[in-house]
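Both complexes below contain subunit A, partnered by subunit B and then by subunit C.
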Partner chain A sequence: MYEYEPRTASLRGPEAPHGFSERSYLVDIPDRHKPRHGSCGIAGCMNIDGSLISGSRIEKMITTMSERENGLGSGFVAYGLFPDFADEYCMQFLFENEESQALTEETLSEWVYMIKDEKVPTFPQSGMSPPFPLVWRYFVRPKTGTEAYVRTGLSEEDYMVRLVMSVNDSVPGSYCVSSGKDMAVFKGSGYAREIAKFYDISRYKGCMWLSHSRFPTNSPGWWAGSHPISILDWSVCHNGEITSYGVNRKLVEMAGYKCNLLTDSEVVTYLWDLMVRRHRLPVTAAAFAMAPWYYRDIERLPEDERRLANQLRITYKEAFLNGPFSILVGRSDPVTMIALADRKKLRPLVMGESDDGNSVYAASEECAIKSVQYDARIWATRAGNPAVVKVGEGIVRRGTESPFLGAI
Partner chain B sequence: MSDDNSTVVIDAGERDRLGHPLDYRELNRRIRKTLSEGQERIVLMNVMGQRYIASATGGTRMRIEIHGTPGNDLGAFLNGGTLEVFGNAQDVTANTMNGGRIVVHGNSGDITGLAARGGTLLVKGNSGYRVGIHIKEFEGVGPSLVIGGFVNDYVGEYMAGGTIFVMGLGCTSSPVGLNVGAGMHGGRILVRGGLDEHQLGPGACLAELDEKDAAVVEGLMSQYEAAFAATIDRSVPVLKVMPLDSRPFRGHYDSTTI
Partner chain C sequence: MRTDIKVPEKYLPIIDQEACIRCKRCIKSCSYGALEFKDDKVRVKDGCVSCLRCVIDCPTSAITVVERPSSYAPHAVFSPEIRRSIMAQANSGGVLLSSCGANAEYMDIFNDILLDAAQVTNPSIDPLREPVETKTYLGRRPGKVVVDDDGRIDLDASETPIVVMDMPIMIGHISLGSISYNAQAALFRAASELNILAGTGEGGLHNDFYCHSKNLCAEVASGRFGVTSHYLKEVSCVDIKIGQGAKPGHGGHLPGEKVQKLISETRMIPLGTDALSPYPHHDIYSIEDLQQLISVLKESTEYSVPVGVKIAAVHNVGAIASGIVRAGADFLTIDGLRGGTGSAPRVIRDHAGMPIEIAVSAVDQRLQEEGLRDKVTLCASGSIRTAADMIKCIALGADVVGVCTSAMIAMGCTVCQQCHRGACSWGIATQVPELAARLDTEVAAQRVINMFHAWNEELKEIMGAMGIDSVESLVGNRDRLRYIGPNPRIAEILDVKHSGEGWG
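Up next, the complex of A and B:
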């Protein structure tokens, strides 16, 4: 059953709220978004030597899988994007109008020093429905010297998380879509090819790109709810449903995160930040907590791994993501791509590697990889088993190893 | 009709006027048109993720070569003829295949052979999760799915008939994952290279091959060898996974069980 009442009037009728933060539900979407196949698409590419990749490469990957989307959301994230401002937090916003921008800037001035700000160039496409948000970028430095900062008792990163949560929660019509160093998220409501043109993705170059094309099922399609969903330098592209959303949400909310984006995928981003940055878990342990083995299979692990597995299941039982998913996760320092499918592999995920081993790819379908690297060697990760690739280090895990390799 | 002159080449790599790759509907329309004109040998070049290729087609002399990466649901509802893929196949290859033959010179993705009802699938390399789930047979006609390398968890889940043969070529450990034949109530899963009790799903058990099984194994091995010019070592033992019961849910839902 659909949770939402179907609306018969036009999506953008006079009674509908006016603005980009308006939401489209699957039940009342116009014909051009009517599903043909269903399921989201994810794609990622990176160069291990850190050399830059044009955005047109990731655009080609994600649009090759256009059967997977229905035009209600798409997005891109690039890492290694701002070498001149690599030490500043880059906060990228979607604003409803000038007023929400002014209110946001007022808040920002209390929390951070503004190093530089600029309008993100956008090019509305004929197929997309207005109104379009203002997209603005701020390079900022937290005001860590002030008494107010000291009183919070927060680390610099937690301070930035609180700022993002506070803006998203309390400034009307303003959403911070990315807030990390040397990275930015470009996302919106539309087909992947439209969003790529809207931001002119080909003008950007990064050492790693992740992207998503959306087919929203149980949550609305709208600009800020599109993927990648990002906090600090974390970004997550997610294909699937998190049926345990309520439990996961409770865990992240207890840790100070606020869920404002109306999508289950949001909790995945906050879980990575909570477990790996704040609790300092190794990536493999965090991945195990999200996609744990069955107890009967844990029994067959060697003793030290069995103990660790049981402890993770008990300590982080609220971090267990129940339901089908495959996710691509990005973070910087060093730029890292994590690809993970659920413990039964109910969503597709394949990896690819160029012949010289320098370019690594991940995607929902092999054709996305082959469309940009025809000679790529293809492999599939195992269920609940993360592939981890780092700039400067290479393929740390292929997603076929024993669960805690490198964690004990 | 079968000489080389009558082979029709379709380039799936061409772009439409907007620069997008050839749509799967257009590609399949061209395939059906070619078949309806009596041409039964088709070569598809530069295939890049187009779905449903040759779905619901048939004809005993039909032969379609696919170069590139075909999309999901390759040969869905196939009724006859041969599809040969020079590359890897994606997910849900041979979905609900009724007959004919699909040969993949590479790997195939998850859910290969979903709910197949007949025909033969030969995969040279490995396959993914849930291979051959819910395949079935009727009056002695059933599908044969042959995977040269390994498969992952849930192979043959809810299987009701037919044959899955996992050969484990190039594998150093068991070529099947966990939950083998979970909930199966018909058919057989043949595993060359061994598996452990803990890999069996509920409702499945291990058995030795009988004479009929041995003949099936030999037949499928010969087909694989012919298709991929391979030689298979006959000394590696083959085990059979079969259902504990042909009606495992008897009495669970209906108290008036017969």
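Up next, the complex of A and C:
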């Protein structure tokens, strides 16, 4: 004989005496048992008047979405971080050891003038798995006056890109995680809350923050492969999987970028740099190339826009990011946030705006925005439609307009 | 002195005399004279090629064609095929001709490649519920759009002549001459209906077919048959044929008996003369010369249509392709060694060139290394038999695939490999009016339409399963392929990982 127990009872669990609406018991579940249905989380905040935001705000946003990560990577990027060195490139590195640092510095001395260097303070957390990298920051100015520079025939920015690529590619144990002006990336392998504490994010203040928490699937979780992935002043937090990666990589490699971070997301960063900085495309046109409209929708556009849409699909077909994604993209001069989801909008992306209109937010989930601005006005961008916000200008696009407003 | 020894027959039609109703239809069907009616019975003579026309025509299904058993004593090295060809050569003293693509098993790599599909981390797409796009462009791409000093995109400066197709498929170049009027009419009609391209082949364009010109790619081959500036301006793109996968280094060869009134008018040559295309173009002895011909064709079409170059896949195909793109070709066609032909020396058909799988991947990689891949359209052909081959070929690097033999099969061809004899019992590869009349243009066109429609649906199904909703994201996406064949070195050369290897 056995005692019959209705099966529904076990669904509720012993710690949930108050019924299905009571969720507080979830908080006590150890991380290793947390539901694994999520994927990456992204969050961003900025002040349009350029006033500074403490890192603790973005920390709050990203850690609110803890179900979207599995402890294999997280990161932050801050803009408007170094007003005293705003004209210098800030190269922030992860070194495996002193030897890789010495090798890197040797390379740097050939390419750039060192204005200042400093150790980035780090605080290893008990839950994180060692070894921890050495994090160092260099404020540099490219050696543009030398004959060697002239021989490269490169613009200053391309020269910096080549430096970053060559360090990441050839110096063992050394990874340049950011190389832009007036910004820096703080990232690593761990939960968002651990990475925030590891770098003590709350000690920094910037006019714009983007962040990412990671649930890696097809690529390994490791320090340099965490997001944001950055080149020059571009930084990209990417939630998604690129089914067209082989095609996108072909385009960026032809343009001289090297894909060595073992993650499909890095092509997104290089595509933005290639299309907007080097090809000088308007942001809306670049976004359209990455998440183009369906041909049947393009048919409905007015003549000029239809021609442009078709031309972008023809010319930049290798830039089309197929598969689900939502991305937050940062850039300085002026500090800009771009939020974009794929053309089916298979990954979440919501925007928020404070009552006074000065603070703008973007996140995977509304809860992240509401956790720091409970009265924020929330809206969703449309599939494949970028929201663009600039310091000093405000919300340029809300991600609900026609595709090329202001581009042609 | 008679030197002939009879070459043993290969096929044997078996007549079920009980089922046979003596209607003699089979005897009329057989264009090779392999059947006769004698003593009130259908009897078998020599010469059956297993074209199966009689089998399909027989109203009582009384005919079966079998391969003759044990014609030769078994031998592991001297196969019956080899012995038969030696005997035929000893009889004739000539080069053995054959047709269709290479008949050798060892070259099929498509069957060693597996496709990927989306699971969990990205959603697969159901093409019946959501759009999956197969629109494809052919022509030169600018590499980047032109942005003026105000940051606005200058469309007039960015646009190039381009052909829009609804599927990444082109019906390959099959000339009028190699196939009948009805067969070509069916192919062109199918191309128009499907809004894809069809190649004219090197025989010019018959007056009746100008109505399809917006879906035609004109071929300029070494014989220049039927090439006029009017013709070039009417079609939607122009292709310079340097070589063909079935016979790299050879030109087309149409025997005089096929050059009847229709062909003579279209090709602009006298009745009954052999239409022999020179092996090389005699104005192209180097890449600079090719560049000049490309320029001449662009000038004569007033830069209104893309001008491309078609070559056979040969060992150094990557470097040659890059030279051709640099010489100004807007699109490039690579024809692999299994590609079809209406007539080719068997020795070159079976032994020269390179499989299209390797060639397309090599060219895609080479053009990428040289930063040219985003400027040019790459077409690949040479035994793209099914939708699976098409999908794998696109993922290996082709923008567009060229298909011939499968379209022939859709019209009735059974790949009996006798096209060079001009006696096609299906009315396809023949100029004999009674035989050509056997092909109903409308029926044949509809069958070709049906087949390509099905291929396109299968393409969408596979792309949807991969989580890809537009075909350009499949082009050269070798990440989504895995190799499962016997030789991992091939995987390396294809730049495809081995099955079991993960992403990173």
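Keep in mind that, in the parts below, the second predicted complex is superposed on the first by the 373 of 408 C-alpha atoms of A that agree within 3 Å, B and C clash if a C-alpha of one lies under 4 Å from a C-alpha of the other, contacts with A are read in each partner's own complex, and residues count from 1 in each chain.
Please note the rule applied: contacts are C-beta pairs under 8 Å (C-beta built on N, C-alpha and C of every residue); 3 or more make two chains touch, one makes a residue touch a chain.
The structure presented is a predicted model; accordingly, all values stated were derived computationally and were not measured.
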{"item": "Side-by-side fit of subunit B and subunit C on subunit A, or clash", "value": "fit"}
{"item": "Partner chain in contact with A:Ser244 - subunit B first, subunit C second, else both or neither", "value": "second"}
{"item": "First (subunit B), second (subunit C), both or neither touched by A:Lys119", "value": "neither"}
{"item": "Contacts of A:Tyr295 with subunit B and subunit C, given as first, second, both or neither", "value": "second"}
{"item": "Partner, of subunit C and subunit B, that touches more residues belonging to subunit A", "value": "C"}
{"item": "Which of subunit B and subunit C A:Asn322 touches, first, second, both or neither", "value": "second"}
{"item": "Partner chain in contact with A:Ala380 - subunit B first, subunit C second, else both or neither", "value": "first"}
{"item": "First, second, both or neither for A:Lys344, with subunit B first and subunit C second", "value": "both"}
{"item": "Overlay on chain A, subunit C to subunit B nearest C-alpha distance, Å", "value": "5"}
{"item": "Shared contact residues on subunit A - subunit B and subunit C", "value": "344"}
{"item": "Contact footprint of subunit C on subunit A as seen in their complex", "value": "39, 217-220, 240-241, 243-247, 250-251, 253-255, 262-263, 279-282, 285, 292, 294-296, 304, 307-308, 311-318, 320, 322-324, 343-344, 346, 407-408"}
{"item": "Residues of subunit A touching subunit B in the complex", "value": "37, 63-67, 193, 297, 300, 344-345, 348, 350, 365-368, 370-371, 378, 380, 382-383"}
{"item": "In the complex with subunit A, residue positions of subunit B that touch it", "value": "20-21, 24, 48-49, 51, 68-69, 71-72, 88, 90-91, 107, 109-110, 128-129, 152-154, 178, 198"}
{"item": "Interface residues, subunit C side, partner subunit A - complex", "value": "118, 120-123, 130-131, 133, 135, 137, 141-145, 147, 151-153, 155, 158-159, 162, 368, 371, 373-374, 466-470, 472-480, 502-504"}
